[in-house]
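Labels for the chains are A, B, C and D, by order of writing; each one numbers its residues from 1.
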Amino acid sequence: MAEKTVTEEIEEEVNNGYDAPTNVNEVEVINTYELEEKAKKVVPKGGFDYMSGASGDEFTLKQNIEAWNAKGILPRVLADVEFPETNTSIIGQELKVPFIMSPIAAHGLAHQAKEAGTARGIAEFGGSIMSISAYSGASFDEIEAGLGGNNRWFQIYMSKDEEMNKNIIDEAKADGATAIILTADATLSGNRDRDDHNKFVYPFGMPIVSRYLKGGAKNMSLNNIYAQSKQKISMADVRFLKEYSDLPVFVKGIQTPEDAMAAIGAGAAGIWVSNHGGRQLDGAPGSFATLKAISEAVQNRVPIVFDSGIRRGEHIFKAIASGADIVGIGRPALYGLALGGWKGVKSVFEYFESDLKRVMQLAGTQTIEDIKHARLFDIK
Amino acid sequence: MAEKTVTEEIEEEVNNGYDAPTNVNEVEVINTYELEEKAKKVVPKGGFDYMSGASGDEFTLKQNIEAWNAKGILPRVLADVEFPETNTSIIGQELKVPFIMSPIAAHGLAHQAKEAGTARGIAEFGGSIMSISAYSGASFDEIEAGLGGNNRWFQIYMSKDEEMNKNIIDEAKADGATAIILTADATLSGNRDRDDHNKFVYPFGMPIVSRYLKGGAKNMSLNNIYAQSKQKISMADVRFLKEYSDLPVFVKGIQTPEDAMAAIGAGAAGIWVSNHGGRQLDGAPGSFATLKAISEAVQNRVPIVFDSGIRRGEHIFKAIASGADIVGIGRPALYGLALGGWKGVKSVFEYFESDLKRVMQLAGTQTIEDIKHARLFDIK
Amino acid sequence: MAEKTVTEEIEEEVNNGYDAPTNVNEVEVINTYELEEKAKKVVPKGGFDYMSGASGDEFTLKQNIEAWNAKGILPRVLADVEFPETNTSIIGQELKVPFIMSPIAAHGLAHQAKEAGTARGIAEFGGSIMSISAYSGASFDEIEAGLGGNNRWFQIYMSKDEEMNKNIIDEAKADGATAIILTADATLSGNRDRDDHNKFVYPFGMPIVSRYLKGGAKNMSLNNIYAQSKQKISMADVRFLKEYSDLPVFVKGIQTPEDAMAAIGAGAAGIWVSNHGGRQLDGAPGSFATLKAISEAVQNRVPIVFDSGIRRGEHIFKAIASGADIVGIGRPALYGLALGGWKGVKSVFEYFESDLKRVMQLAGTQTIEDIKHARLFDIK
Amino acid sequence: MAEKTVTEEIEEEVNNGYDAPTNVNEVEVINTYELEEKAKKVVPKGGFDYMSGASGDEFTLKQNIEAWNAKGILPRVLADVEFPETNTSIIGQELKVPFIMSPIAAHGLAHQAKEAGTARGIAEFGGSIMSISAYSGASFDEIEAGLGGNNRWFQIYMSKDEEMNKNIIDEAKADGATAIILTADATLSGNRDRDDHNKFVYPFGMPIVSRYLKGGAKNMSLNNIYAQSKQKISMADVRFLKEYSDLPVFVKGIQTPEDAMAAIGAGAAGIWVSNHGGRQLDGAPGSFATLKAISEAVQNRVPIVFDSGIRRGEHIFKAIASGADIVGIGRPALYGLALGGWKGVKSVFEYFESDLKRVMQLAGTQTIEDIKHARLFDIK
């Protein structure tokens, strides 16, 4: 029988139901790049391209990786280090490791356990934080089944309707969110050429935001969903979220010192440096390339979360040495989910913990605080 | 039957008549790079190589694209932006979008509708400007059939004979040109290795300049045509064109601050920064790399048009953020013409409008004026 | 018969005994890159990957080579040079050439003669130094059979048990070591992805350190061996080694001026700039990129040995021109061992001598001292 | 019949006589890179690798081309240029074009007409200079048959025996040389890996220097020939050549301002910036990268010849804009010789003249003097 063409494969996804993996098993993680290759084989094409792809020329996606290579870690020796300690805290919350789950839409593309699988992986790992996306394919209750009372932050895509936003916040608070993440760099979808080729639409609904989406998310394109969400995000929204939720608010998608300071002025409890994994404005610099100037402007007024490009322990080290307090893990966790359900997510988090510890040992740093004082080397 | 060799294919073009596409249809534009690949399949080889190729090593052609990657857009967030506005004006002419059609010779290589097809696409798009090349394969009247009274600028390649130049200007004015573009960087043809390999000659005449070409353009090489045009272009020509035409004169092909100021001194109403799409002097820098120094020298004394390398909305943004007032679209429009006649051209212009709006939204800029104040980021 | 899969090949190595080459012959060395290709064909895959591979993305491994290309040698002419002289000295020891053998574990992976083969090659070459690794697969006595009384330095991986360290030092001194090399950049194994894929374990024991390894090294992974060695290496260990051994101590794995000075302060007789051939902390700069700043800090207080990336005579020249007194040869010698036993090692050393002399002649430098005063050129 | 292996092909060259091309015809030159590809097909492998190859990693060979791309020509417009004038002069000798033939050994590898073919091509082109290499495969008389009284410079590789050198100079003067070129960067052969692989030896003798070569050059390796020539080249040799010959002496192979000034101090009438086409010290910068600093040091005290990497007219322009007075053509002329004998050489020289004129026109420079005042653009 002839192999299916790409077009047939995509059409089948839409017409016959999206066939995400279901297996639950530990995943051997030698490096996370390989996870992407392996996930490609088990995730339906439309979903895989959506997850792994980015916008435009994917220049910014590539820069997210390239940017690491502009700075070298200088291994310090004779440093008297043994059993490096990865524990830290952020906004008063204790963490076992300086990394948490970044908010990502539609985990169900990777695995039928959806966000509940990711949540359970993180809960079983312990000492980290699950970020729940407003574009989750699972409801708060479904996610709670996996998360089991563990710490969670809630990421919001705002509706054009203020009452809807209040409802969503109410629901997130009732679910136990300990912080709100306002995504500020996605007031529309990036130009995702891969999705356009695939004519990709979400194969399932989004319980949290479907209240404000005509048609309810299922079978809708990302373009359509973003367009129905709120475009005019401003400092007033930071103030609103802070006041209405009475929770710490992180502004996510910051790439300039100016906007970091504006967000802090508007009441942000933290800055989240990110370029959305290269999925929004292509032509933006690598996320890591923008971090240092931002942290120098912020001067520890509020903590900084960093994401977009974390693939190895050395990246966590470099981000913290450049001013981040913690980092967010994105695609690698989804690939773990695709390959092993919650156990796969846990494997990925364990990999990052183990790899970071090795890097800390070899770099001569005993604590996260030591990393903050490490000097990086400009590689030409 | 055996496939034709390249040589046979080229010979057939010349001997049996050049077989340009004729279909008229909308074109899906996910990105303009793909249009080039698709156009390659439908345009005869000699014509495609002429359109897509450039001079020498094509180093400058590649730099026109590479140069964008040296500067990143910094997405500004919390910017209160919705429905970005792309309207602007130049020399008192209102535009719906900050881009117009660049002058290009011989559109008939792409489509049998020739320049009339391009003109109609732009007319139907509305709110932009058609630049008519002196090396057009269609006459003013033929173009008018597509343009239907819409705004046009006329680009001149000068004859060695001043009377001829007066005749051409008279004709262009009678046709309704609202500005004259003096191409200054093409006093001879660049060394187009691809055309030399193909022994490429124009398969049709050039009604506007054939009056001063021995042999009338048809079956002539670009080398021959340029050689018969005027080499000794100087500031005196700017003054002559301004005085004789009584129209605003843009000097096109400016790549240095010095020449920008000389042109303004000679009476130019606008500067057109361009390296002719890499088709003239190979070894020149990428066009975008030269823009900022020129705009800093010009200091808004006159408006700046920029071209050579515009392929995505982000490029329009970067050019305007570096001092351009508007940009010119070149090859992508021709590829649209090849793939869908006037409708294809309109599709390409719609793509640029839509992509620019998305970039403006994601970059946090409401107006073209906002883009002019955006700060770009040096990517190493 | 079907070819063996990679997995089968690796399993066979472990189960049926590791089948290292045994031949002894001179090796033609046109360049050392080719030796790597040839060695790949004769060394069992697990062993070859272990030797040639490095950690993580192998970014640092590649930088070790790339870093050379950032600096050009400026050939000086009219320099009155003939028969350049490569002799030099370090810590009072006379050398025929400014390069010695770097300490490397487990030469038996390359050839059944193990370290005795390497030692004999160096002894027959004469006027250089054999560095014996604590992770040698041969005992001191076995190595002596090849070394025949020639000069040797002893590299130590310390045990967590101080008495064990004393025993090892006693044994090394009894064997005639004239210096101790403290490896400071390997307090754990780097993340060797290739070894992880291969599930590589050492196919033989390590007589020198097996006293402190549970299980005795044979069939142990590198991760396991390093973990059982000492992590908490500090300045106190430098002092201890100096005092207990009464030998000059080199601290190896220095990549910062700060650590160089700390080591000297703790009593080091020499600094060994190295990133362990890219095998430890991936993401570190190329070793050569760190050399100059270190030598400028050290200001000739103690001599500097440099390794990681020496593949041609020009590299030796560049290292010495940047402040190294001598350099260490690593992988190329092992490839020589694999291809020709002791004679192959000698061929490699002869190649470096000959190639360095040619470079000195063409660069216009008569002596090693002349190289130290050569000016390098920044290549952009 | 089975194709010959590379080894068989090389052996056949040596054993059965070297079978260089013999045809005489004009060569179409679209660009000189293609000539290399075409020459590869007609020149015996050993000879082609010798001519086209370089030393070591061929890093410097590649830098000779890459270096051009670091500087862009800024096309000047409105410059009133027509029919650019390429005539210039050097040491009082009038030239039609600012380029001459660089000295190259053993033209007989490219064509059976040997140096006589090259000489005739240049003579027929007219207004340039033939440089005769001491390692010529043809005698002065044989070359004169092609050169027909036209201008020639003589390049010397010195013997260790001063009387031999006097004899050679006497003979060169008798032959009519108007300048002596002392090659200073080749006191030994570079490490030509390709020649080592091929075990390349010259298939014919070298009449001019065979008097001082034991064995007479034929069937000798380059290594051997260089080793028998003089190593200890110094400022005294410049003085000797000047005094004994009473001719202007160019010192060739200068890559530093220091050596340029030393040569002038020793009496050099001109500086020849060159890295021997990347054939000597690999790891040296691209020749063009070293030119500007040298010309700034020389300050027009003596003229500068530049070679190593000239492949297009734009390169001649860039070299002159960076301080060269004229440039030398190397490999491209040999490829022309291989493809068409003397007519092929003439075609190559005509190509450079034509391409340079085009570049001058497009860059807005009427004369060679104008080029000297052109500003280049740093490309990042």
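Going forward, a residue touches a chain if its C-beta (ideal position, glycine included) is under 8 Å from a C-beta of that chain, and two chains touch if they have at least 3 such contacts.
It should be emphasised that the depicted structure is a prediction, and the values quoted were computed from it without experimental measurement.
Where chain A touches chain C, under half of the residue numbers in use are shared by the two copies, so each contributes mostly different positions. In this assembly, the chain whose C-alpha centre lies farthest from chain A is D. Superposition on CA atoms relates chain C and chain D by a rotation of 90 degrees, given as a multiple of 5. Between the CA-based centres of chain A and chain C the separation comes to 42 Å, rounded to the whole angstrom. Distance between chain B and chain C, defined via averaged C-alpha coordinates, is recorded as 59 Å. Of all residues in chain C, none touches two or more other chains.
Under the contact rule defined at the top, the touching pairs of chains are A-B, A-C, B-D, C-D. Across the interface of their complex, chain D is touched by residues 30-31, 68-69, 72-83, 312-314, 317-318, 355, 358-359, 361-363, 375, 377, 379-380 of chain C.
For chain D in complex with chain C, the residues that touch the partner chain are 56-57, 59-60, 63, 70, 184-191, 193, 196-197, 231-235, 237-238, 251, 253-256, 258-259, 262-263, 266, 275, 280-286, 289-290.
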